[in-house]
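Once you've had a glance at the structure underneath, I'll fire off some questions.
Naming follows writing order (A, B and C), and every chain is counted from residue 1.
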Amino acid sequence: MMNFTSVKDLTNINAWLKKALEIKANPFGFQEFGKNKTLGLIFLNPSLRTRLSTQKAALNLGMNVMVMNLGTEGWSIEMTDGTVMDQGSQEHIKEAAGVISQYCDIIGIRTFAELKNRDEDYSEKVLTKFIQSAKVPVVSLESATLHPLQSFADLITIEEQKKITRPKVVLSWAPHPRALPQAVANSFVEWMKQADVELVITNPVGFDLSPEFTDGVTVLHNQNEALAGANFVYAKNWSSYENYGQTAPNLTDWTISKPKMDLTNNGKFMHCLPVRRNVVVTDEVIDSGNSLVLEQANNRTYAAQTVLLKMLQNVG
Amino acid sequence: MMNFTSVKDLTNINAWLKKALEIKANPFGFQEFGKNKTLGLIFLNPSLRTRLSTQKAALNLGMNVMVMNLGTEGWSIEMTDGTVMDQGSQEHIKEAAGVISQYCDIIGIRTFAELKNRDEDYSEKVLTKFIQSAKVPVVSLESATLHPLQSFADLITIEEQKKITRPKVVLSWAPHPRALPQAVANSFVEWMKQADVELVITNPVGFDLSPEFTDGVTVLHNQNEALAGANFVYAKNWSSYENYGQTAPNLTDWTISKPKMDLTNNGKFMHCLPVRRNVVVTDEVIDSGNSLVLEQANNRTYAAQTVLLKMLQNVG
Amino acid sequence: MMNFTSVKDLTNINAWLKKALEIKANPFGFQEFGKNKTLGLIFLNPSLRTRLSTQKAALNLGMNVMVMNLGTEGWSIEMTDGTVMDQGSQEHIKEAAGVISQYCDIIGIRTFAELKNRDEDYSEKVLTKFIQSAKVPVVSLESATLHPLQSFADLITIEEQKKITRPKVVLSWAPHPRALPQAVANSFVEWMKQADVELVITNPVGFDLSPEFTDGVTVLHNQNEALAGANFVYAKNWSSYENYGQTAPNLTDWTISKPKMDLTNNGKFMHCLPVRRNVVVTDEVIDSGNSLVLEQANNRTYAAQTVLLKMLQNVG
């Protein structure tokens, strides 16, 4: 496998899931593969879970890790080809990717959607350009439209927590004061479609995800109807795909609250974090015994460790 | 021992001191305890000595270290419970502490006093909230009102340098252009009260530390009187506890100078650093052979290493 | 060897070159020297290649590495002796260097020219003061007037790529929108003068480097004349030494383009990066098979690893 940017990079999702659980049971058992190998983690955007869990995953494998905040610690990066670089940007992403490849065996990179131009974000301009010039395997640490390490961790969490073979998993939009990317939601849908679950998406009118992802999935605009009988409720805000980047912070009746959770089948609450408490979800729900948010965060390590190990072993 | 936030977390200060000197004599001799263990260092404020010495301590023990500037590299943190998080803060400290605990065996955190609300600072709001949600042992890398790793290093330094069994140790206030916390001073007093020293504090009227710390300690408002016969002079500025956060940068006669040191018994000069030269202390004194500031900085490593080793061994 | 700040710190450039190639062929073969040794990397300015390649070099040697952005993660640094530090700066470079030395076996530091006062820059004020107070060997990660790790990597690259015993190497000024230091150019000249090459410098009138460096070297103000028959073309902008810090961004006929390269003897293109595409060099040239920029970046690792190994072995 060359890169990890989407569930499409996996040959067999169930084999990966099994490997992740094997690694979680024996996290230090694969250090012969990481010896003298170096992971570079490149951040163009803030990160807590991804930053720490991916480092931890690499350290568990005996790898060295170098972390860099590219924009603030290095140079400002030019993303467009053919530019006469006589303005603010100091280094072209072609050189940045090529150079970092000289020092790393695997590179992780995080870059967010700008939410200004839908076509540009959905072309994954930054990630794609980086990969084109990279000489080593690249792991997405969240890109403009996908967050595969998060989704893989979510899959692991559902597998561990499910009590029936094919649980009902509801992805619910929730309000938020700022415009957020669709990446976590898109990616979750992409992975759940390949998992053995009954997936239902619920969001307000005007907030349907891209048809590329929702194709074949039940989308309900009535949240209560969607939540009925759910085993897992995955809350997440995203800004509008249709009216690209628009928000609806006033839709506070979409907040995941105790009465909402009471509609479910003793459903577990999930969120990728960071989360705006009492906006996306009430304290009562996230602090309850049914909240899986820390288990999700914990599984970020094993998702990343599985990807890195596959890359180190050069197997798909 | 679960956490290290104060001298009160020690069962026996002399046993810890002995262990620190044992580690200093053999810094790489305890690596079996750190193998595959990870220390997370979380900074909400600037740090040089603490950042490097605590990393070094962990590396000496064979641990992995992950360093993070939480506010700038991650998300802005909400400290108050029950808030509707629809404003600037993006992640609640509950989640931050819980999540970081998933990736670390021990967490160090640094947070400063805001010097606006005395009760809030002295409640150690941030550190306390972090510990409440952390799942692993927490080391204070300086909190609003205490700096125990510094004080432990100071204790080691005095133990190494003293020429009589019970030296006279004078903690002297010194001028400074900006309002600083009382943490270093409070903490030094707390540790010295348990050490075999004669402690005297000297500061201007209006700058007495909290009675919680000064109780039972001689406090003199005449600096010259206090310095007479001192074996160690520990200079430090702090803003007022009484008129909370007020400063007195104009009291330049409190600067530790050669004539002041001449009042002592060939006293050694100490300061935690960073220090404002020719404000807190003159060049002549800090550059003299009696200055211990680099020895203090060096002992930060062994203070931290002792704490980490105790945590790894799970002993008090 | 105590410090590495210039080619003058080498006893024998050819022996170092041979050692670098030996290390490149066996990068993990020297880990017994780095065990339990710590490299501190201190940045006062942005860095990508230096940051990652020097870390990688240390990791290859089995060292621990601590990276710190001194100005932003620590305290603001006072550079002048004798100052009454009652203004913005919080820590004197004397203490910073002394303290960092307590935690590191070797320290690397990066600091740039300010391009305001030529005498001050050429006195290497910051690096010199740091070294004066450091207690351990110091590696320049680029200083105000020199960039020896870059030049060493360039030397390795030329050695690997040359097809004749004594190639013609042309250092050519190129346009740039901002004022840049002369460090890379000075340093390249300093190293090439000791290497077995025919060195020619070409730059516009008013942009001659300091005579200290150009003494004995052919300097042509006609770029085309200089490029004739070149085996290597090293492009680099520098601001004026004569009219200190002045730029000439309008001299766009100095850009290294395909027609310029056609004047050479199938010359290889070199640049230290980061590079302004289509300002310093056209896409066509830097993307061609004759471009060595990634090889240069790769050799940064082995240049740094050679220096660190020499320091660990305490040999010249």
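Methods note: contacts are C-beta pairs under 8 Å (C-beta built on N, C-alpha and C of every residue); 3 or more make two chains touch, one makes a residue touch a chain.
Going by UniProt, the chains are A, B, C = N-succinylornithine carbamoyltransferase.
What you are looking at is a predicted structure, and each value in this text was computed from that prediction instead of being measured.
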If each chain is a node and each touching pair an edge, is that a line, ring, star, complete or other?
complete
Copies chain C and chain A - interface residue numbers shared by over half, same or different
different
Distance from the CA centroid of chain A to that of chain C, rounded to the nearest Å?
39
Return the residues of chain C touching two or more other chains; collapse runs of consecutive numbers into ranges.
none
Chain B contacts chain A in the complex at 36, 38, 40, 64, 66, 68, 70, 73-75, 78, 81-87, 90-92, 94-96, 98-104
Flag every residue of chain B that touches chain C in the complex, lowest number first.
28, 43, 46-49, 51-53, 55-56, 59-60, 69, 177, 249, 273-279, 283, 287, 293-294, 297-298, 300-301
